[in-house]
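The first chain written gets the first letter, and so on, giving A, B, C and D; residue counts start at 1 in each chain.
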Amino acid sequence: MTKPLNIGLVGYGFMGRTHSNAYRTVNNFFTPGYHPVLKAVSARDAVKCQAFADQWGYESIETDWRKLVARKDIDAIDICTPNNLHKEIALAAAAHGKMVLCEKPLSMNTADGEEMADAVEKAGVANTVWYNYRRVPAVTLAKQIIDSGRMGKIFHYRANFLQDWTISADLPQGGAALWRLDAAAAGSGVTGDLLAHCIDTALWLNGGISNVTAMTETFIKERKHNLTGKVEKVEIDDACSFLCRFENGSLGLFESTRYARGHKALYTLEINGEHASMKWDLHDLHRLQYFDHKDEGIVRGWRSIHVSDSDHPYMKHWWVPGLQIGYEHTFIHHVADFLQSLTDGKPCAPTFREAIETQKVCDAVLASAKSNQWANV
Amino acid sequence: MTKPLNIGLVGYGFMGRTHSNAYRTVNNFFTPGYHPVLKAVSARDAVKCQAFADQWGYESIETDWRKLVARKDIDAIDICTPNNLHKEIALAAAAHGKMVLCEKPLSMNTADGEEMADAVEKAGVANTVWYNYRRVPAVTLAKQIIDSGRMGKIFHYRANFLQDWTISADLPQGGAALWRLDAAAAGSGVTGDLLAHCIDTALWLNGGISNVTAMTETFIKERKHNLTGKVEKVEIDDACSFLCRFENGSLGLFESTRYARGHKALYTLEINGEHASMKWDLHDLHRLQYFDHKDEGIVRGWRSIHVSDSDHPYMKHWWVPGLQIGYEHTFIHHVADFLQSLTDGKPCAPTFREAIETQKVCDAVLASAKSNQWANV
Amino acid sequence: MTKPLNIGLVGYGFMGRTHSNAYRTVNNFFTPGYHPVLKAVSARDAVKCQAFADQWGYESIETDWRKLVARKDIDAIDICTPNNLHKEIALAAAAHGKMVLCEKPLSMNTADGEEMADAVEKAGVANTVWYNYRRVPAVTLAKQIIDSGRMGKIFHYRANFLQDWTISADLPQGGAALWRLDAAAAGSGVTGDLLAHCIDTALWLNGGISNVTAMTETFIKERKHNLTGKVEKVEIDDACSFLCRFENGSLGLFESTRYARGHKALYTLEINGEHASMKWDLHDLHRLQYFDHKDEGIVRGWRSIHVSDSDHPYMKHWWVPGLQIGYEHTFIHHVADFLQSLTDGKPCAPTFREAIETQKVCDAVLASAKSNQWANV
Amino acid sequence: MTKPLNIGLVGYGFMGRTHSNAYRTVNNFFTPGYHPVLKAVSARDAVKCQAFADQWGYESIETDWRKLVARKDIDAIDICTPNNLHKEIALAAAAHGKMVLCEKPLSMNTADGEEMADAVEKAGVANTVWYNYRRVPAVTLAKQIIDSGRMGKIFHYRANFLQDWTISADLPQGGAALWRLDAAAAGSGVTGDLLAHCIDTALWLNGGISNVTAMTETFIKERKHNLTGKVEKVEIDDACSFLCRFENGSLGLFESTRYARGHKALYTLEINGEHASMKWDLHDLHRLQYFDHKDEGIVRGWRSIHVSDSDHPYMKHWWVPGLQIGYEHTFIHHVADFLQSLTDGKPCAPTFREAIETQKVCDAVLASAKSNQWANV
């Protein structure tokens, strides 16, 4: 007897699809005590919104998210809009006592994030931020390995997120699928879009970051803006890299860009500890590379772990060893954990409060890049 | 306005799950003109069958597949039983005018397969066999590359399917999930279970096989039988390899085993042509390795193609470049193609008739292994 | 005080260069008790032979190998000629009481090989065959791992040697560097040239082979012959594959070709044992892939061992960990071991007698391919 | 008729061995017009020095480098000492009109380097610095690809050099093989030892660096000092990373450490250009990864180039395609190029003057790490 959880989705873009798929699929593979009901989806364009609802089985649509958050038949609001709308929707949803699941990054900046965290906490509603890569089985396994003590003292953490889709100067900015290039909608460029993922995972795996020195660049200075039709200055960062010190004494190095030819969505991370090291990358997300210095010398080497066995995180719910799952499953895992957290009465990480930590690092990174000085987080 | 297609599923094991997931998901990503309705599932154990129906949303259950195939509200029978039941169910389904989707291998032998093909053709019902690996995007891409003429004359084709799950002598045979070790239920061991996949893909990519010389082995001679409780002789082949000649003049080499430590489900294939070569393996199924001799010499090398772009087979229906799909999607693709074939009034490959070709090769392989002589297909 | 060992080299082709380099270099890295002296090189073309002698520091030349083997100042004859001359030179060298180092394959067939082994044993002279791949550190490490018992019972052995240099129909056969395509000089095609390497390693690592079923093919039926200037039938095998049973009960699968586009010299081998598996390939010869089932489940995976540590075979003589050696070093290792064997008064494997075993398998393979029957070794 | 070049080597450590091997081997594979003669080696310990001379064939020894540089029978001085002796020896050698080949880094700092460059230029003697990785064939190929214009505008350059040999706190510093941990002898830690390599290659491939922001760390604060026998503060940098801007507008990111478990000597570099990208790493130094966006979309992927064909840099001098060379060959190539440069009357890059550029970047990096400010180069 699972309980229904009525979902109201705001936004039907790429993330709207991944979340909808997760809601529809989760109960075939997991038994978390609740089952999502696709109650309504909201977007300004009624025709497109209805088509999306038909495709995914939403019972109804709204063309104003304010109406959606006010509906009595909705239990949880899922925010899949551009970043600049996160705060207003979250505050309204909390005010109506709705649970809130918010796409990352949580907010345009730390101050907004704190306001949002205050709101959901004051309302006492369940909340979580969709940093989905925590729930790639190989990444969750990395966390297990760290927690098991196998790594020993950590010396280095490095991560990058490399893409190549904005190299053409003919690509416009703004509107629809291109809002990520528009500073007004996105807040920042790769920092909030890509580095935020790297930072969230890093904080989870390796603890807090103390201070940073950063560098940003905008390679294409002007692009046509889809909303105005004019060629306008590009205000986002095309690339951002930073060095940092973690609170545990380890050194960090992060990089992100949309100008790395040959990398479609290459999020990689590596951790070097006293006894062991690990590497992972999103292009082959079902593998974790692991090196254990305790192995006997002559047969020591990096192990390529095909994370598909039933004792690997989340994998007993899927197929049989050797058969891989993919990107979309990270969202299914997040929904499963969120639903289970409701059953257990516990928070589902990262909560809004936890996700502010990533926001703080992003703010420090952007401040450092602007001032050419080290910045404290 | 998509049309409903009422599905009656026989068997709720591993394949029952993959098919059910495909039926539930296909219309969120594809628009093939029909949408499957999970009308009923059949299995002898009513309690377990009902639990499966609840988990996946089947409207009803049957404990006798004969009742299922006779139900008027069923359009298509999907056979997910052990191999020894395929024929009887398929013949009954065809007799009731139902479409039939049959798990691979089609039959226990060529003669049975021909009887089945005759039946569905006589009944004039749509039919297909679930050789799902044809619809891994990287494998479909390999087919496109061959059809484009890039390969030139083919010299070599090699494939293997390596597993390691039966190495322990303590593993029993027969019953439930272990029917694959029971010759009475499975017909053969790795030949029908694993090599059949390799052969189906090979025939599709490289054309007919003329003759074979084969070798089989059963490493563990006796195992406890779950159905009798006694230690009994193991009658299946634990390993099988064969050499062959293709009709196009190329040489083939195939191997399969469940005793290759370190390989969970490693289906690999490689094709060497006059101008180009290709490699693929199931453990990283979203990649195709491609070598093109026409590339300029100093920058020539094997290309690792991350098959996730929108112009790759099936991929425009999924996420964005760099984000991989997995094993289960091959079944979704098969359902999408099957439904589209109904809309188009065309067969969905491989049909029963086409799948007999794989059966013929399997029969020749087993005969050769028994006689220690080359055998014609 | 190392002792001199006066070398007389017959043939100055590719192998003449690799051996000469080994003789010149061995004492800088190893201290095997002897140091080779490059006394003389023999070849029919005096001008080319002198140029080779100058390049490599040979003290003198001969244009008739019969004179070379008779010279009193020569201790050891090194045979680097086409295969059809091995026997005659070896018999003559042994008759003059010279040690003999013979390029592989030892002989044109088993009978010749036995005559040669009888001769060197009767003469009581040190002898060895240049199956150099045994002395790739990663391959030697594989042997250590097997001998340590880590593998348990062996189930499977597979190897192939894939090249792509004879795909063009314009390539002539015979003479100079192309004697490998001329059956009169080479005896066979890929069987003696490439599979002989795979078989030698296999016998060393996995023991004797009982019987085989084989298939050969000659894709280009006629080629211009460099010695006659005429288009002549190609008598060698372009490709050869075979299945076999080892005496230890394991199954073998071997393949070789010069028509595998994209593979320059890809010798790969894999061994699957009860507890562990190993893989190696010549294109990245400094790495051994190792899978150990005894590793804890969640961190189990194929280990990529970079065989460059000081406790790896031969490696303490070279540089520092992480810095790789290459192809030529296998010959240096062979010379070091040969010289050490003289110091120790022990044979240097593989001796002529031992190398006959490979010849027997090659003969059985060719016989099976001709008869289309299984052949005993 | 090649001319002799009489070599006087100072220091017989790891680099003394690599250089000696290069001198002994170069003329077997290259014909650069000169042949090195191993005239003398110098080191303070006469017994060890003589043993080295015997092992490598040096005609004589000196226990005082001052005598060596003054000898009339020496043409070229090769400096393989700890860094703090480079300047004094180089100045003395130049004063005696000797050619000078100096190990990297050229000097303890930029000022010293300039003094050295002035000295060799004033003396008019040939000079070069052993940044050997420029002459890995795959790296030289990368340079050819850049020069060919295939890359287009460069956006990103990243490199790291990761080792793991100083993680144990029990490892002492100073003396013999451990001088690299002693600031007095080495000047700096990983910056001069490892990053200098990365920087030299980067300047060669991607042009000048404008400014940097850097971070260093010394993880083990105190170690026993071999020369004093006391536990002393460790003054070198165990790890160093920096961000930078290149003069061509691209962004750089560099990292080096001796605390990255699992990496023995992993020098990796990657370049992302408008049209293409390249990657290389020292652990598999015979491969270059190359991605070309101009390849047709469906078959586009990273190409793994096995740099062993005769049209690849330096490779026509070695074996046949598919057979790899290793680390030591980079020094042979450098000697071949140096000797050829004498024949051609041209400088052999990098000259002392050119190597100062790397020194300037190292100085800026160390200054930035100290001041926590961006530093101009």
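Keep this in mind: a contact is a pair of C-beta atoms (placed from the backbone, for glycine too) under 8 Å apart; a residue touches a chain by one contact, two chains touch by 3 or more.
Here the structure is a predicted model, which is why all the values come from computation and not from measurement.
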### Task
Any chance you could name the chains that touch chain A and chain C both?
B, D
### Task
Sort the other chains by how far their Cα centres are from that of chain D and give me the top one.
B
## Note on the structure
Taking each chain's mean CA coordinate, chain B and chain D are separated, in whole Å, by 55
### Task
Express in whole angstrom the distance between the two chain centres, defined as the mean CA positions of chain C and chain D.
36
### Message
Using Cα averages as centroids, what's the distance between chain A and chain D in whole Å?
### Response
42
### Task
Send over the residues of chain C in touch with two or more other chains.
263, 302, 306, 309
### Summary
Residue set of chain D touching chain C in the complex reads 14, 17-18, 20-21, 24-25, 27-28, 55-57, 163, 165, 263-266, 282-287, 306, 308-309, 318-329
## Note on the structure
In the complex, the residues of chain C that touch chain A are 141, 144-145, 150, 288, 290, 292, 295, 297-306, 309, 311-312
### Query
Can you name the residues of chain A that touch chain D in the complex?
155-156, 158, 162, 164, 167, 213-215, 217, 219, 239, 241-243, 245, 249, 251, 253, 255, 257, 259-263, 272-277, 291, 293, 302, 372-374
